[in-house]
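Can you read through this structure? Questions will come right after.
Chain nomenclature is as follows: A, B, C, D and E, assigned in order of appearance, with residue numbering initiated at 1 for each chain independently.
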Amino acid sequence: MLIGRVIGEIVATRKHETHEERKILLVQPLNLDGSERGAAFVALDAVDAGVGDRVLLTTEGFSAFTSVGYKKAPIDMAVIGIVDSVELSEDPA
Amino acid sequence: MLIGRVIGEIVATRKHETHEERKILLVQPLNLDGSERGAAFVALDAVDAGVGDRVLLTTEGFSAFTSVGYKKAPIDMAVIGIVDSVELSEDPA
Amino acid sequence: MLIGRVIGEIVATRKHETHEERKILLVQPLNLDGSERGAAFVALDAVDAGVGDRVLLTTEGFSAFTSVGYKKAPIDMAVIGIVDSVELSEDPA
Amino acid sequence: MLIGRVIGEIVATRKHETHEERKILLVQPLNLDGSERGAAFVALDAVDAGVGDRVLLTTEGFSAFTSVGYKKAPIDMAVIGIVDSVELSEDPA
Amino acid sequence: MLIGRVIGEIVATRKHETHEERKILLVQPLNLDGSERGAAFVALDAVDAGVGDRVLLTTEGFSAFTSVGYKKAPIDMAVIGIVDSVELSEDPA
């Protein structure tokens, strides 16, 4: 999983039926220092996240469509948690 | 999922039976500013997309063959939506 | 899926039983202009492709072993079509 | 699988129910010489690992949620072992 | 699949039960000319490979745990064949 920031939403009227009742979010993956980690991805929302939220992003299909409660759905990324805090050890080595 | 642009089609007469009735599209992934994001991929069409359409592209097999209605088919990418608009927050941080 | 060119074969006498009756191909992924796209991969053959053929390559396990007709087999890439032609739009934007 | 070092934990109160009783770890992938291998990932804990432990990290969803004992859960990375030692051959070629 | 060379073993006493009776190998992916292709990975052994062997490496979880005979196990890479020879065409184009 990756940590990301919700930065927008996608509007798509013609789409697969399983996407009808879910927000399609734009999520920017982040490094631990808050800098951008590659380019933004499109992910389905499973926890009612909104723009500005720091979130947990799953990047694998099986996990993603499970998170939104469908047995089989064409989803390969989903927002599955809101991050409250990140606790880094001072000296992990 | 990624946002992409349909830029062409593949013709393949000798292929797996599950591909018989579907268009095989060439899709160029895009960044949020519309610039190219890596090289183009080959994806099956699930929403009757055509050349020039801005689309949602799923890049995971389980999601992809689900989108076209097959239980098991050798598909690992599919076009699953037509993008109407992208709403970016002005200040997501 | 990717477009690729079959460039060789692998001989492996000690291998998983599901690989016994299939060719193990070396496939070089290609860009749209025919240039090499990263390094070559090893893929199982599902359409009786041979050296020199331009092919469709699936790069996901679930798709790959489905293409060769096994329910569960340790395959993560397969050649699933022979490409006849690629039709690029002149101005996709 | 990758070798990594646990460097922290994530606190997320609003999250998928399957994550309730598990630690959400921050894991830094490592090269064989102990140097960092790309950026850190978020992974669920399956072996009661803690900060500072050198661990085995699985990076695929099906494997990850199996490791924590759920049939279907939105998990795509998990810590599945504590590494005691790495035995490198002197001359593998 | 990738071609690789077994370069070592991992010792992990605290690990998932499905790993108990299998060797955990360190495998260095190789290019066709024998040079290193990225960094080494950790993979379960399915064909009794040893240090120095040139092997076929599957890099997808579903394929990997199938290869070692488990229905569901936290494995995402496995060694599934010993490579005898690689036959490259002289002029694949």
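By definition in this document, a contact is a pair of C-beta atoms (placed from the backbone, for glycine too) under 8 Å apart; a residue touches a chain by one contact, two chains touch by 3 or more.
The model shown is predicted, which means the values in this text are computed figures rather than measured ones.
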| item | value |
| --- | --- |
| Labels of chains that are neighbours to chain A and to chain C | B |
| Shared interface numbering between chain E and chain C [over half = same, under half = different] | different |
| Averaged-CA centre spacing for the pair chain D and chain B, given as whole angstrom | 31 |
| Between chain D and chain A, distance of the C-alpha-averaged centres to the nearest whole Å | 19 |
| Shared interface positions of chain A, touching two or more other chains | 60-62, 64 |
| Order in which chains appear around the ring, chain B first, chain C after it | B, C, E, D, A |
| For the chain E and chain C complex, residues of the former touching the latter | 1-3, 31-32, 37, 46-47, 56, 58-64, 66-67, 78, 80-89, 92-93 |
| For the chain D and chain A complex, residues of the former touching the latter | 5-16, 19, 24, 26, 28, 39-43, 51-52, 60-62, 64-65, 72-77 |
